[in-house]
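First chain written, first letter: the chains are A, B, C, D, E and F, and each begins at residue 1.
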């Protein structure tokens, strides 16, 4: 189901019966004192692959770097400026549209990517028309944030209540524990986190959230939660994708 | 309360006691067969001025053009590409930050601006640091969409129920009837609108929404609703702004 | 005559008999110790609306922010970088050309916008060809600086002689006094201004022109001058526009 | 050794004893009728991780999309325009430099990325100075193309002689067979390939190289070659990296 | 006097006693049926070198390509888009400012460059501040269009009257005949030219000016006129430069 | 053979029998304590003109400014940022392709331009397709670095052995002595140079190479070497160009 493992004639064949494709989008940024820097890419990729398996829709490689400017105050964060991410998503959508893909389903693991990705979709629709692409009038992109799916949100609340928080959340950490069991060794009890709040620049962020967490208690995360949340997310997004592919 | 009517020494004085400023952001785009193309700028400006009057916070001129690529299939729509709007908001925030403004409150009248404006804020925070602005670590921007304030949303639902729709809504049209009574002459009963749905490119939009409306019945709009909605929006956003200015 | 108050079907109708449109372009920048920061947008809009009324040509909303980098040393100035203004004017011209407008008449209130706006026109002509717009070979843009019209220039010299100066001039201030009578309260005698001269960066500008004026005595401005200058400008630009619309 | 699996405090610690980091850079593009579209990212990542293991230098996530404009004539290719890839590499280098990394070692799997990546390094050095980064004068980036290492080149020639070719080469395919054994099922004898030659645009490329190969016979590739080539590449690049880290 | 023939230590020495530099800017574009495509670069360079010789101010190499989008309808024209020329002039000014040059005198041979070059100056002043260049507050750029100097203008009118026209003018052609006598062989009587007029896109330009001339009769040009006009221009611009260098 | 000395109808004629064109690309940057700052443009132009004379292929004006960021630590260096040079080469190629030129042969004198120029070619191929240029599928660009031609390289080694070095080399200096005999006066014995090495930012470059040389002894250069090297380079590149023009 991975585009990376297909040859180009296989993709040609695929396009004869399906015009949809999944693009996983992550981020490489701090996730608190115990969370993995790769959390958002690991989770987006895991969800995307599971959705691909269930729906038979091709999954492109994961774009592991996103817009994480506000996390740059913490070592290891790698961020694209909004204008760069905008151009990147634009180019990837245009490449796919050029081959005849008509439905681009971006499975995203990071809140900071949402705004820029939506802006990029708008720019790509325009370019498809300017460049006279045959699919221009049929091209549709959809952003699916796995962590914001209703059923995922409810499951996380049930598991962690208020301690879910908004960044370095136990639900996303649980997913990574399921995907990469070695991460379990980082888990340890943490002090009360700084509360969640609005996000501004990196210095403001670090001042308000000195250890990188926003109201979350990632110590609550268990690998088995991750397995279950992955299942929940894949179910929700598979339905979402199916509707997207068949929508008039 | 309008920055446009102040002299620069007056702004210098103002900055001694307040670091906040309101920037109204609209769009110039089709609003259905009977709605004014300037709806989003007219409403954002009206709300912004009323919030300014109540809070004493300066209101800059209105940026009347926003990101409306998907409406370009209808005559009269004037749109900035996402990359352009991103640069514009970035430059305006940087100008204000350069003078020592620390809290930029953008009152927005158009859903299509949201993503790009948020991306621009992130880019501006970065530039403020790169350029070593004295306010870099204190700069905060906030996007306030008047039509999405909880109380406004509820009031619109009470007045119009499902006929509120999502574009060329009776609530925004009502505001324009209150602001520009001459617009009343355009009001007339309209056929059942196309239902709301996801937004893609301009051709897709026009095909799905042939008269430009998304599930809305703007004929329900009355000037007196507009007066009341303006009051509701100004109350909600004034509170929002006050919290923003005083937040630690 | 305001595009903002039209619906899209009305613009469709309009395009059946006229391919021209007026775009007012201002700036938001210091205008000396007693002048309004919004002077250039207020005056461009007033002239544009009067020209629209006389000629029946639609007037778009005013772009209130322009290129005012050299005024950034004075509080309240909001400036777009040249590259940003270039992209903005480009996008607005392209939007209008996309609907079939063939003659774009920009009424400008600020000298600092001239260079960038002309550069943007050249870029838009190219894009119209690259994008295969049907109007590509017919598209024409014209920049009309109201304050540089011959008759306006002569009237200002008659009224103010050498005290007209080059920035925060009594003629533009007079126009604002006519448009916004409340501004009269700012008027007061001022010391001899710094002389006009070439314009470089913001620090150089403030050093040479410590109160923001360039050789002008805005205290000479009277509202009745403004009324008369508005009349003169509207007459000159209406003729200019008429020729532009009918030129082969 | 994967940055993705570290927490930010672990990266802080790491920076106390090592200022180097490895960034794997691939491409997502056609690799002939039997090669995997993800070849260049799979191989770059495999080499990077092995180099990381041997040297103890952190490996960031893989940037799976590169500059592959000339392959856009084949389904499945996803390409960033040169200007976009330039901005992306620039932003990633700047993020790392911002944390104090001084030696950025890019392990690249795709010839088409070389030019743009080098251009990006030059742009990043300039920005590091403009932005006054503390590491500005110490920042060094190095591009290591695993397939061009002398010992790899010689090994490939020994194994495949002239049938190595220049795109969809048996050596890179062998590496993917070692990494992803499932790819073996695609292997089959292929007709004589079109000869290698200069690379221009996508239509020219497809006309000259109708099945995507440039002079190569990927059917010669065996998983065990891949294991051996990976070993050879990792040895060569580990030495290269060690010199880079310790160079004065 | 040519920077190109200096070594860097010689430039270091030069900067000890002079902070000024001349940058010749041309264009490579059609100049009617008998004029050289290189006219604007040849003339700008000749004037610049003569001004350099007289004033002792260093002359950089000539930027031979400018903004000539409107001439692209004629074979041989090579044009930079306005956004590109803006970036180019910006980068060159920044390079010079970085070395401590404080007065950049651009001697320009092409009307189409004026707007974009002025926009670039404004952008460079801003960048000099953002990048904290030591000369930021002292940096000044001046655009000197040799063909618009008062004395040149008068001399051209005296020599050619109304037949001077506005593009492919006898005065600029005369200069090229003086500089490159081989060009004399192209001279021949031409039919009445199309009249000068406003400039829009390349198709509009070619339609209005089918042979590329705007109201000019270049057949009137004589090499000896060129010698005299060069003298006149050099005198005017040398005075202009001297004032520029010594202005407070 | 210089495009600059042709009229547009002459270029039209030329295109009837030849679709090729030579674009000389230089740089304006320090060349050690005794070398001319204009070395790379002087040499590229001299080689290009000689190749043009021999092959009859038109030579455009020289682009004298290139990517020389790493030399900015030495007075007199003028550099375009990679993104700017990319746009510039892109625009020039597009201009030429627009007229029907199908083979663009860039003769380059500076190593620092290589990466960016290649990136620009890739971007131009894409734009030619997006803009639907008639030559899109036939457009080919080739970068020919005169100093890297095999025969030139060998000749330089023969003449100077290890003292050729990598920047401010005796071979390029010899060429300039041949072209501009006045440069002989700068020649003088120099101390042992700093060794060549990798190139990073300007501060790093100046620290490693305090007088600007990289392992070279330019004092060995003689004008007669230059004459011979020019002959060698022109021979090599003329063959290269001929193959390029006739390649299928």
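By our rule, a contact is a pair of C-beta atoms (placed from the backbone, for glycine too) under 8 Å apart; a residue touches a chain by one contact, two chains touch by 3 or more.
Being a predicted model, the structure only gives us computed values, none of them experimental.
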item: Both-way neighbours, i.e. chains that touch subunit F and touch subunit A; value: C, D
item: Required minimum of steps from subunit B to subunit D, each step between chains that touch; value: 1
item: Chain labels contacting subunit B and also subunit C; value: A, E
item: Chain at maximum distance from subunit D, centres defined as averaged CA atoms; value: C
item: Identity of the chain that, by mean CA position, is farthest from subunit E; value: A
item: More contacts between chains, A-D or C-F; value: A-D
item: Averaged-CA centre spacing for the pair subunit C and subunit A, given as whole angstrom; value: 45
item: Separation of subunit A from subunit B, taking each centre as the mean of its C-alpha atoms, in whole Å; value: 29
item: Touching two or more other chains - residue numbers and ranges from subunit B; value: 72, 81, 83, 87, 130, 132
item: Every chain pair meeting the contact rule; value: A-B, A-C, A-D, A-F, B-C, B-D, B-E, C-E, C-F, D-E, D-F, E-F
item: Sites on subunit E touched by subunit C in the complex; value: 67, 69-70, 72, 81-83, 86-87, 112, 114-123, 125-126, 128-129, 136-142, 198, 200-204, 207, 247
item: In the complex, subunit A residues that touch subunit F; value: 130-132
item: Residues of subunit E defined as touching subunit F within the complex; value: 2-12, 14-15, 26, 28, 30-38, 41-42, 60-65, 72, 74-81, 83-84, 87-88, 90-92, 95-96, 98-100, 180, 182-183, 186, 212
